[in-house]
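The chains carry the letters A, B, C and D, assigned in the order they are written, with residues numbered from 1 in each.
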């Protein structure tokens, strides 16, 4: 039986290289084509020496016949490049934000571009398997979630759905620097960020409308408001999210624990853990660790989430979605344990 | 005119060594005695090679006559050692928590010890000059604030006093590892913490009652509730605090900016800054940077604070308090700019 | 066909936990028993949350029947615990130094202990497959090399064997902190080591005699002298070795490149790379990257090596040795690409 | 008595901002003008928030009358901008490499430019006070040494001058990333360099001819050859240099210690230390720490040096040179102790 032939559009960022790393050891698929813009013509191992075993020539367009396509291009460019594949019925996962938001004006307001192919938005599925597995199974266009929304939505979903919290939620996220991409900028230089921490996005961050869309859909009153403050932490990978919501019902820690464990009982990657998680416990793996905590003094539910922004927050989730779309074992290619310390 | 002769009890932790660093270049005082427990008999420069220029023999007790004493001992031990100086009328700054809480049962519940000299609590002043300068000027016993409360109280004080926010406040703090002290423990090892982030203290942290005490005193209804979650960030120094409170009045960003600038108009170290601050902008300096932000979509006031936990969060605040107590220029010894990058 | 049943003695250090991580996904063996001393009775996932998928109870002794044993105990303790298995003919890999040195007095001088079972030294094989593969295939006792010697011996072996360099070699190694183990000590604390670099072992480091033993065996005059200076670098994993030797013959860069490539032509993990390697290009993988450079101005051969001290420098090499000993595919369980960035 | 009025050409890099930090608290001079290229028109505090207390408008040219000028421009641009000041007799310190090398063809070969004003090379003094203090006192043009040569020359000078070592020296230097400047480049990004280490410059580094020039001048045979390999270490500041030279005479550790201590007996910043130094023991200070070690087994002298590349390796040395040139106390403005941890 022959492998599924996979292509990656724009392999030269961190999401793209992480897709190549994971797909190289995937037992059921074969990576046959990778594209880049300025790096076209180079070997993959020239740009990413750690991919020496997975090397191939980077081309400017996908030149092989492929059965599945990932795009790791920036928004707008991504939808544009994917459109022909979508039109041909080739299944795709879009790592960019282009198909995440169901409401076109919301997309265009936050991303400040005209959407290249808005008619595809309706068939796209938001690729969070924990919430949308059956739809993912039936679509050919998956919008991979943003790294921040993955942790925040998984952290708050059980409580929002159960209606035990008020619907204004605070998401205080601490992200490793790889989330900013592989970019040349003074402000992402080692000397600027090492041993340093700061908040950003206080005037609004593009991942906010995804959080609102997904959590609102789970809420009985259909409307969740999120105050989201992302932070840059001096680490390469990882997002630690600390989420706060006022309890609207009188619940015990044990009840909340049970609620979370049930909600994620059959999930291979969303795990409720018995102690506050640390980001490094997910390094290189597709796990999202969740720890709910009831603060009786202040009547607050606090939920901690930890994940690797490049895996469960990007490439790993993409492969998980691909596995579901192709009817493969959902954990195929994703069984490696986190690398710690 | 002779210098004030100063002693440091327990110089061998990070607060103690930072006191020695600052005092060495203080123009008006002279460090004449430093004590340690297991390090007694060693030179200060053996324990801290960076203090080679400030070296002297570490003794088990203060052996010189001193005009001013700092204690950087852990709680309980600190009050016990300071009691004789307090009794003799020697002015002291206690870096430990022993005299911070005005309510004895609260102290004993959180610190799980009997207070060694509860009769001194009443005369002690909570050493946050921005709130208590005139009392500090008149006391001989200053309780130096905890590192987390310093940022949180300074961040929320203007809004709480003005009554523009509801009185349940969230304090999400990210601390450098030096806040955990100079201790031998697997969990504070480099390999465990590097490139890693986690929350702790979800079942309650000892710095919480200070925050509550100080903010409640500023509130017209006398009762502020704080949900406080500290985090360990992979950096040596610095605390970044992100504080959230629901606005209870309709205020603009400009009004809040003005309110904060006025509140801290004459302060040498509490500075309202025009962009979200980064912890490294305070490295080695006594500054606390404050950035208030009004989120109109969610009706939330967000205030970011940044400080060096060993300076404004410990030793620098101690020297600032000493300067006030001794009638010296408040910024003496504290004029060095932050070391960046 | 049933799996080989494997046990790890002393799983609670970083070499032990890394063995568990690798063995968990090994296709041909099953990890059935892990031991610890103070952690006996705990679940593996309590000590190492990242091993949640590989969890089992830590026991004080191996309680299951096993076909293969790793020991990650400290020296002396290791040989003592392994002796009964060696005596019974159970194949073992000793991660400690106990069976590395062929000369007993050298061992006892450097390690300052009496060897617990010196009669086994002779049958032990130094587990560097690149030099001793056929002997490893035939022994039941492999002494896993030290992390520093692995890089240094692989870096210098081709040139020493070819006789193109003088026989006094300088090895300047920069190691990540995990090489110091999972220990509670002030000097390995994050605050002490972060953003900091230092040399140590200037009075002699225990890995030196291994380097000398292995390189001397390759030299036609039987005697190589190594000046070895290890350094602590502020990173968790990785050893970068910079090796210097005076050229004794007139060779070109191209000739040296060819010599190195031929020497390692069939090696799955020792790779000659086309640009100076960075340690992170090996993170979590079993690769040792080698880059020889001829300095014509000074007549010096410089060879850079990079490896992950916990994988090729410890656990990965151990699994590679196990694979050879058991007649499995040599790369089984070791095919994961490095995790970068 | 009025202060000396000082200007900094190109304040917007790390050497420039560090000059501003140090000069702000200098008791005898006043910083009156700072220039930048793309940042002209901005406030210094916009570019460097940590300089909020030292802020002034960045101009494209020095617009104030100045008594002393620092240039922190890149090479070639620096000499060109300084030439008018040199011609007018205004004393200057050039942080760039333009006036370091006495041999014009060597300069033009390594820097691949035509020198803008070669006639000034002869009067320029290489600004290492430990070797050239009396000439510095008498010149108006000081070429501030490179960061790597500072450590290497200070480490090897005593032994080379005493003739106890052979004249081929190895300099293995590990530098913090700020040495690469404040530049926008993928390869200096946090994600690329964090937790990572690599060698570079194996085909020749521009700091090599300075090392050779200065050490050769100290050697009785007039010719020292240096094999220099710089490395990038994942830290912001600091250079740790490990230097190796074969002993040519039979000397004891005690004799070497004494030789080094005497050589630097009157030096305020070059300090021979009793234990291997760590870079962080110099953070923010102008110290260069030196530790010689005799390896009797291999007949090698090893000398470790540690310094802050932005202070003793750039701005601090510049201020030290200025102090000497102006007849001020040599340590003025440079008395702050290192900030540790």
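The definition used in the following text is that contacts are C-beta pairs under 8 Å (C-beta built on N, C-alpha and C of every residue); 3 or more make two chains touch, one makes a residue touch a chain.
Keep in mind that this is a model prediction, so the values were computed, not measured.
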| item | value |
| --- | --- |
| Connected chain clusters in the absence of chain C | one piece |
| Longest centre-to-centre distance from chain A, chain (CA-based) | D |
| Rounded Å distance between chain A and chain C, as computed from the means of their C-alpha atoms | 36 |
| Length of the line joining the C-alpha centres of chain A and chain D, rounded to whole Å | 46 |
| Rounded Å distance between chain C and chain D, as computed from the means of their C-alpha atoms | 39 |
| Chain B, residues touching no fewer than two other chains | 14, 176, 178, 191-192, 194-195, 234-237, 277-278, 280, 283, 341 |
| Overall pattern in which the protein chains touch one another (line/ring/star/complete/other) | complete |
| Touching residues on chain A, where the partner in the complex is chain D | 14, 176-178, 180, 182-186, 188-195, 234-236 |
| Residues of chain B touching chain A in the complex | 168, 170, 172, 174, 176, 191-192, 194-200, 202-204, 225-227, 229, 231, 233-238, 240, 242, 244, 276-280, 283, 293, 295, 297-298, 300, 302, 304, 306, 341 |
| Chain B partner contacts - residues on chain D that touch it in the complex | 14, 17, 21, 24-25, 48-54, 178, 194-195, 236-237, 271, 273, 275, 277-278, 280-285, 335-341 |
